[in-house]
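First chain written, first letter: the chains are A, B, C and D, and each begins at residue 1.
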Amino acid sequence: MINKTKFIAVIGGSQASQKEISLAEEVGRELAQKGVVLVCGGLGGVMEAACRGASSEGGVTIGILPGENRREANRYVQIPIVTGMGYARNVAVVKSAQAVIAIGGSYGTLSEIGHALQNGIPVIGLDTWTLSKNGITNKAIIPAQNPAEAVKKALELIAD
Amino acid sequence: MINKTKFIAVIGGSQASQKEISLAEEVGRELAQKGVVLVCGGLGGVMEAACRGASSEGGVTIGILPGENRREANRYVQIPIVTGMGYARNVAVVKSAQAVIAIGGSYGTLSEIGHALQNGIPVIGLDTWTLSKNGITNKAIIPAQNPAEAVKKALELIAD
Amino acid sequence: MINKTKFIAVIGGSQASQKEISLAEEVGRELAQKGVVLVCGGLGGVMEAACRGASSEGGVTIGILPGENRREANRYVQIPIVTGMGYARNVAVVKSAQAVIAIGGSYGTLSEIGHALQNGIPVIGLDTWTLSKNGITNKAIIPAQNPAEAVKKALELIAD
Amino acid sequence: MINKTKFIAVIGGSQASQKEISLAEEVGRELAQKGVVLVCGGLGGVMEAACRGASSEGGVTIGILPGENRREANRYVQIPIVTGMGYARNVAVVKSAQAVIAIGGSYGTLSEIGHALQNGIPVIGLDTWTLSKNGITNKAIIPAQNPAEAVKKALELIAD
C-alpha cells in the first residue's frame, strides 16, 4: 500500500527570500491536495514554508533533521527523523522521495540536487540553480514556471 | 504538537525466533493502543512483527531503511525513510525515539543498544543481551517480563 | 604537527574523459610535489588518475570509499577508509580537506561542490560545472586554467 | 600493495581509567612494531593513548572523527578524517579495519563491538564488556590477557 503513496521532497535553504517562502508554501499546499507526502530537511525557511502549506491542507510532513534533537524541527513537521549525521542527512532527504522540487539557490540545495541526479531521481526547479558546462546548459533540472506546474511535472515523472 | 507525540523504537534482528516474533508483535500492538509512534529499521523479523502489531491496532509505523529503495521495507511500514547509509542508519533509528525496546540478541541490536545508551536514551530489554564487566552486571538495560511491562516502563521513562 | 600538513580533495567522476584523466593525474603530481596529502573518493576515473599522479611523485593518498570493502579502492590508494555509507561519504571527502579541486562534471561531483561550499571550503574548478541563478553566474567555484594553477590557487586559499 | 597492509582498530572511551590508558598505549606500540596501521575514533582517552603508543614506535595512525574540524583530533593522529556525522562514524572506524581490539567499557565502544560483529570483523577484548543471553556467555568477543596477546590474536584472525 505504501508503495502507492507518493513521497516528494521539497529542498531549499533555511534562509529564504519572501518569494521563495511563497513558492514553497504553495508547493506544500499543492502536494497535500494531491495526497502526496512531503519530505524535507525539517528546518526553517523553504522547509518550514512547505510544511506550513502542506499542513494547512491536511497533508503529511516528514522532516529529516541534521542534529541531535527533534526540537530543532519546524512546528509543521509531523514526523521528525533525528539523524545526528549533519548534512549527510541530505542524502536521506532525496532518497526518501520519488521526485524532488528545488526552490531557491542555497549550497545545501545544490548538494541535494547533485545527490538526486546521481540517483536518477527527477528534479524540478523553481527559481533555483542553472547548471552548465563548457557554455552548454545542462537540462537535468526541469524548470517550472509556478508551484502548480512544478507539482504537476513531478507527479508525471514518477514512474508507476 | 509533535513534541507531545511519543516515538518509541523497537529494535531486533531481521532473523528472529518465533518467541521474539510474538513479543515484537505484542509490543507493536501495545504501542499503538497507547498512541505511540513506532520507529524501527523497517526490515523483516522483529521489525516486521512490531509493525504488523502496530498496524493491526491502527498505529503509525516508521521504517528507517539501510538500503537504496523503499521496496525493501516490510509491508507494514507506513513511512519508509530511505537512507542509503547501510547500518549507519541504526543511529537514526534510536535517535528518532525517546525510548528503545530491544527484543532478542542480534549484533545489529547490540550496536543500537550502544548508540542509545551513549545518547542517554533509555533501553528496555525483552529477552535481549545482558551486559557485564569484570563480573558485575550492568544495569543500563532495564529488563521487562512481558510486552505490556516493556511499554509501560518505556513510557514512564520518557521525560515530559 | 598534523595541523600543518595540508589535505586537498580532488573530486570528479568514476567515468571520465581522457582530458579529465590527464588533468587529474597532473593535479595529483602537483599536490605530491608540494607535500600535500590527497583526499578522494577512492574509486576509478578522476579519483584513480589523481592518486596515480600523486603516487608517482611519492605523495600520500587517502580514499574514502562508499562501499563495504577496501578492495573497491583503486590501486593507488594508500589509506582506504571504508564507510559503508554510500554517497553520504561525499561529505567526509570534502570535510577532510581544507580545499577542493573539482574536475569534470558528474552529478556526484556536483553534490560534493555543494557540500564544500556549504561548509565554507574553497572549491577550484578545472573543466567543471558553472553555476548560475537568474542568469547571473555564481563566482563561488574559482576557475583555473590548468592543474598547476589549480593547485597554486587552492594552496593560497587555505588559511594558515 | 595496500591490500597487504593490515589495519586494526582500537576502540575505547574518551574517558578512560589509568589501567585502560596503559593497555591502550601498549597495544599501540605493539601494532606499530608489527607494521600495522592503527585506526581509531581520533579523540582522547583510549584513542589518544593508542595513537601515542603507535607514534612512539613510528607507526601510522588514522583518526576518524565525529565532528566538523580536524582540530578535535588528538595530537598523535597523523591522518584525520573529518566526517561531520557524529557517532555514525563508529561504523567507518570498524569497517576500515580487518580486526578490532576493544579496551574498556563505554557505550560507544559497545556500539562499535556490535557493528564489528554484525560485519563479521573479529573483536578482541581487553578488560571490556562481557555479553550474555539467557545466562549463557556469548563467545564472540575473544578475550586477551594483555596487549601483546591481543595484538597476536588479532593478527592471527585476519584472513590473508
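Definition applied: a contact is a pair of C-beta atoms (placed from the backbone, for glycine too) under 8 Å apart; a residue touches a chain by one contact, two chains touch by 3 or more.
Predicted model, so just to flag it, every value in this text is computed and none were measured.
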Next item on the list: With subunit B excluded and the rest untouched, write the groups of chains still joined, or say one piece.
Entry: one piece
Check: Does the subunit B and subunit C pair touch with the same residues on each side or with different residues, judged by whether over half of the numbers are shared?
Finding: same
Item checked: Relative to subunit D, chain with the most remote C-alpha centre -> A
Check: Can you give the whole-Å distance between the Cα centres of subunit A and subunit B?
Finding: 28
Note to self: Distance between subunit B and subunit C based on Cα centroids, please, to the nearest Å.
What the structure shows: 40
Next item on the list: Scan subunit B for residues touching two or more other chains and write them down.
Entry: 68, 83-88, 91, 119
Next item on the list: Flag every residue of subunit D that touches subunit B in the complex, lowest number first.
Entry: 85-88, 90-91, 105-115, 117-119, 127-135, 138, 140
Next item on the list: Would you tell me which residues of subunit C are touching subunit D in their complex?
Entry: 1-3, 7, 37, 62, 64, 68, 70-71, 73, 75, 77-85, 88, 91-92, 95-96, 119
Notebook entry, point to check: Which subunit A residues qualify as touching subunit D in the complex?
Noted result: 68, 83-88
